[in-house]
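Every chain is named by a letter (A, B, C and D) in the order it is written, and numbering of its residues begins at 1.
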Amino acid sequence: MIAILKPGTTPQQTQHLVSWLKTMNLDVHISQGAEVTVLGLIGDTSRVDMDLLKSLEMVETVKRVSEPFKQANRKFHPQDTIVTVDNARIGGGYFAMIAGPCSVESEEQIIEVAQAVKASGATMLRGGAFKPRTSPYAFQGMKGEGIQLLLKAKEATGLPIVTELMNISTLDLFADVDVIQVGARNMQNFDLLKELGKTKKPILLKRGLANTIQELLMSAEYIMSEGNENVILCERGIRTFETATRNTLDLSAVAVLHNLTHLPVVVDPSHATGRADLVAPMAFAAAAAGADGIMVEVHNNPACALCDGAQSLTPPQFDELSRKVQKIREVLV
Amino acid sequence: MIAILKPGTTPQQTQHLVSWLKTMNLDVHISQGAEVTVLGLIGDTSRVDMDLLKSLEMVETVKRVSEPFKQANRKFHPQDTIVTVDNARIGGGYFAMIAGPCSVESEEQIIEVAQAVKASGATMLRGGAFKPRTSPYAFQGMKGEGIQLLLKAKEATGLPIVTELMNISTLDLFADVDVIQVGARNMQNFDLLKELGKTKKPILLKRGLANTIQELLMSAEYIMSEGNENVILCERGIRTFETATRNTLDLSAVAVLHNLTHLPVVVDPSHATGRADLVAPMAFAAAAAGADGIMVEVHNNPACALCDGAQSLTPPQFDELSRKVQKIREVLV
Amino acid sequence: MIAILKPGTTPQQTQHLVSWLKTMNLDVHISQGAEVTVLGLIGDTSRVDMDLLKSLEMVETVKRVSEPFKQANRKFHPQDTIVTVDNARIGGGYFAMIAGPCSVESEEQIIEVAQAVKASGATMLRGGAFKPRTSPYAFQGMKGEGIQLLLKAKEATGLPIVTELMNISTLDLFADVDVIQVGARNMQNFDLLKELGKTKKPILLKRGLANTIQELLMSAEYIMSEGNENVILCERGIRTFETATRNTLDLSAVAVLHNLTHLPVVVDPSHATGRADLVAPMAFAAAAAGADGIMVEVHNNPACALCDGAQSLTPPQFDELSRKVQKIREVLV
Amino acid sequence: MIAILKPGTTPQQTQHLVSWLKTMNLDVHISQGAEVTVLGLIGDTSRVDMDLLKSLEMVETVKRVSEPFKQANRKFHPQDTIVTVDNARIGGGYFAMIAGPCSVESEEQIIEVAQAVKASGATMLRGGAFKPRTSPYAFQGMKGEGIQLLLKAKEATGLPIVTELMNISTLDLFADVDVIQVGARNMQNFDLLKELGKTKKPILLKRGLANTIQELLMSAEYIMSEGNENVILCERGIRTFETATRNTLDLSAVAVLHNLTHLPVVVDPSHATGRADLVAPMAFAAAAAGADGIMVEVHNNPACALCDGAQSLTPPQFDELSRKVQKIREVLV
């Protein structure tokens, strides 16, 4: 970390600041320039509060040289992490095709969709049991019963299952779930992240609507710093001024993340766009951008889905998408 | 709710849709126009999934005529809500001046600040005990011990206390807290909101960084629909492209909210701007925009605060701010 | 266009409004519902000021049923437009690979780059002669001399040239330019658009940093309504809160635009990301999303480019990119 | 300007970079630290391309210590600039109350409004003659004739007039205009700014919808660097995800600008919010935030205005607004 002091800072002021920094177990290297004085802070700067440092009268600016995340950092872990999810893998060249309905609605529905997406190449089944809804009056999911139905679909197809947890108090219900999803709205629910860090389950961590790539990595760090290294990152659109799509899918995040971290990155074009007609082009684009997986909503009867039908594909649409995604991946190798 | 059907929709298709809408206990009024057919949906449309309706082939667009929030809606509750917080009030002409340090650090600190802000006109004391921090390696607050120190400061000054709860499992520790704050990152932690709705405590609900005004009201609705009507809304800046300030304080939200809801609205210029030099002008602006209160960070030694020192005022700065805010309010009456 | 009136509107008020609408040569169809009255406006509603209509006391909301753009609208022109650019084509299955340096710097440089990109499959040469720069003190381009050098490069390679015009007073200098580029900052310089509409030259119109997809189409409409139908749209990133990339490339815009308009759409991953390491993945993603072309910065010596070197590829990097883009396109057919 | 080099940079590489920097007439001061090497660049760094410098392999990051704007910079010009506009002044304690209709429509209208706003304390008259409209089919203003009508209103009331210029070719028509407005969409029309810099007329420069505060100052610099120091800055809302208001008024920009520049800052709450009911609270807030003036739309018959009626006040509404703004300003002194 580099702190640049304002012109006119006295040697006493500089010394006072250096002493204070040393109380934080940092080594400080002083470079006295013609125009400015630069302090190089050496040691564990991840605990240093940049905002506080910037607030000091004598400090012009502060700049991190090293990123504030460690366990998620590719610099300290150059090889891609491969997360094992039951019989499937993701990362390091393994591509995950995650598909399924927005919400679990019935045994018949979830098994039918699971069989269809498996036949089209899906490697994991997704389905919402606990549903975060903006309105308290909207359908909130089948909850525990929904998880039981997902497990039946797993039994019928062998597909590992991915489903969202909203509240740590329901963790017991997720004992047989293969991947626990943390939704965009909970990306900075730090207490939840810490608790999930104490499990060994793969966690699919969705980027928040207004969260930066670095904040996503810091949230992954919350999970990893508690001992769980099985984190899968998910880009699902950010909030911008554009209203033609529900959110703006930030596909450059895939390449930026691959540069910064060894963790696998999946893309969810269904929630990002909110429009079925945009799912296929955005899934192709995600694969071309180098994503380690995509997560797509598929429903056997989109027009009657209890929620998010607008963005679901039919099984035949998913089948075509899946084949083309596979071909695009072959081009990139 | 109005649904506009596409040109070319057949009478059979229209009838099919109408039947389906009626299964949701809605009355449907059909207006057959030259260019388009318009359906008026009458009944409890707050449960209708607009996205689903829009996704249907034959539907051009859907428009809510009534807002999806009820208990927070000024239409059904025209008078301002006045929330009573121990010996203080907020809303309906009562202005809350909430001040205190970002984090509780020691008994001496919190009592000293509490006495200073009380002397300058504060009506409530704020202080963080549980601190949401982007990094797992940063100071996370004094937790339960911090709440005990806030209660000592209340004993010493009589000021009711406001502090943030991050996790419902810690609710017991908040038994004597006067106002429970829900932070911006938890604004859509719906399970947390529901649990707080079951208490009778005043809740200060901060707007999320990327949440619309309507979403803020829907989150208030989560609390109110469980029986707790003591909700105070808080504007604290939204995330935009501008980097000169930490966030962009959306002061028009104050007037928009007063139009839509009867709940009181406070403004937090400290977190919004992240810069001490901007706190006073933004506090004045908030008061002039008609806010029911402001929440300001004050520290007895800003340069040494463990977090967020960059945005804290000294007691003399707060004293001047408080006097001018009072005068601006007098102009508006 | 649909106008929904507020409950409680009197028949006289409705009649007054209808009369006023008829003065604008609109037919009005009235649907009297139980809850609301809906007016259907029939005729040339592109001239109706929606904001004004919404401002009227009695009006609850106004909704366009038809888009406000006509000549760019796919509804009235279902086939893809193919723009002919000298010996190249774009749109309707023809893909444009546009490459070249950010700025023209010397005859040697531009010819060397032109030969290199041609050998790697480029179909057009780009290069800046007039450079829009945030600072008045920064290099502003070689201007007319730069255009002359581009024409020499065209002579040497046969590649048609694309370059930006900032000011209509310089139009004469563009007489032999094949495609005139309108930069993001000028997307709503309406007088400039009108003048370009009077030429027959192909116009490459870049989306503004904070402009919606619909506004981009309305700006295309400014050009087309003056008689020039040779408009090529360009997505080059929008401004959001994320700072890891210069802008956020909105690839869903490609698919949204293909749905709304018959005009070709190209993507500029160089300016969008501002980082050379992200150009290839975003170019692949753009091709996979169905773009009709990509525009990439290539420099023979990126480290010494006078501007924007940070985002330029070397010729070998471009060669690899070009080959993979071609293969991805083959998958999509 | 500070450039921080990556760990592992060899002395030869460093020397190569230093030589190159010296070719730009910069002095370079090298600080060799334990972890990093820091280069201090001394001289006219406003011409240095930060992006290029960052793009070099060996450079970790680059940081400006001094702002890239000079003539607008308060550091070099500590006293507030007072712009004289005929018989009115703005800045340095002089407050401008600018009011008038969105568009000039007729002699009767503009004179009636001018007389009304003058009676209520307006110090300048605004009115659009050239109107930038998103749609080529919408009313584009009375153009030269509109300016003539504004001049008649000036004759009748003595109020200096403010009106927008969209195209430098129309400059002659503005010979008697007191303040030339540059609209948000033209904020980075650099050729236009340069031409206006060659006049001596006061320029009211509106912030672009997606432009940072620093970019606004760089655009002011374009005008000032050509010799015209009479620049008035205008905050009029930025584009964000929130749709309750047309744009999000960034009032913190007022205080940020006052810190960075000596130029006066006015606020336009009418265009920012797009809603008449929000104009007064936002005008009060702007005054409380320390603005040097406000610009408000007033129409004698809002319901029939040809454009932007939704955001216009009636003369009695403006009268009340004007009196309260005056009182708020008295509190701040």
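The definition used in the following text is that a residue touches a chain if its C-beta (ideal position, glycine included) is under 8 Å from a C-beta of that chain, and two chains touch if they have at least 3 such contacts.
Because the structure is a prediction, the values reported are computed rather than measured.
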Most widely separated chain from chain A, with each centre as the mean of CA atoms: D
Chain A and chain B: spacing of chain centres that average the CA atoms, whole Å: 26
Intercentroid distance (Cα basis), chain C paired with chain A, Å: 31
Between chain C and chain B, distance of the C-alpha-averaged centres to the nearest whole Å: 39
Junction residues of chain D, two or more chains touched: 210, 238-241, 243
Chain contact topology (line, ring, star, complete or other): complete
Touching residues (chain side chain D, partner chain A) in the complex: 2, 4, 27, 29, 31-36, 38, 40, 42, 60-61, 63, 65, 239-241, 243
Interfacial residue positions of chain A with respect to chain B in the complex: 44, 46-47, 49, 51-52, 54-57, 68, 132-139, 166-169, 185-186, 188-191, 194, 208-210, 215, 218, 221-222, 225, 238-239, 274, 276, 302-303, 305-311
Touching residues (chain side chain D, partner chain B) in the complex: 210, 212-214, 238, 240-245, 248-256, 259, 272-273, 277-278, 281-282, 284-290, 324, 327-328, 331-332
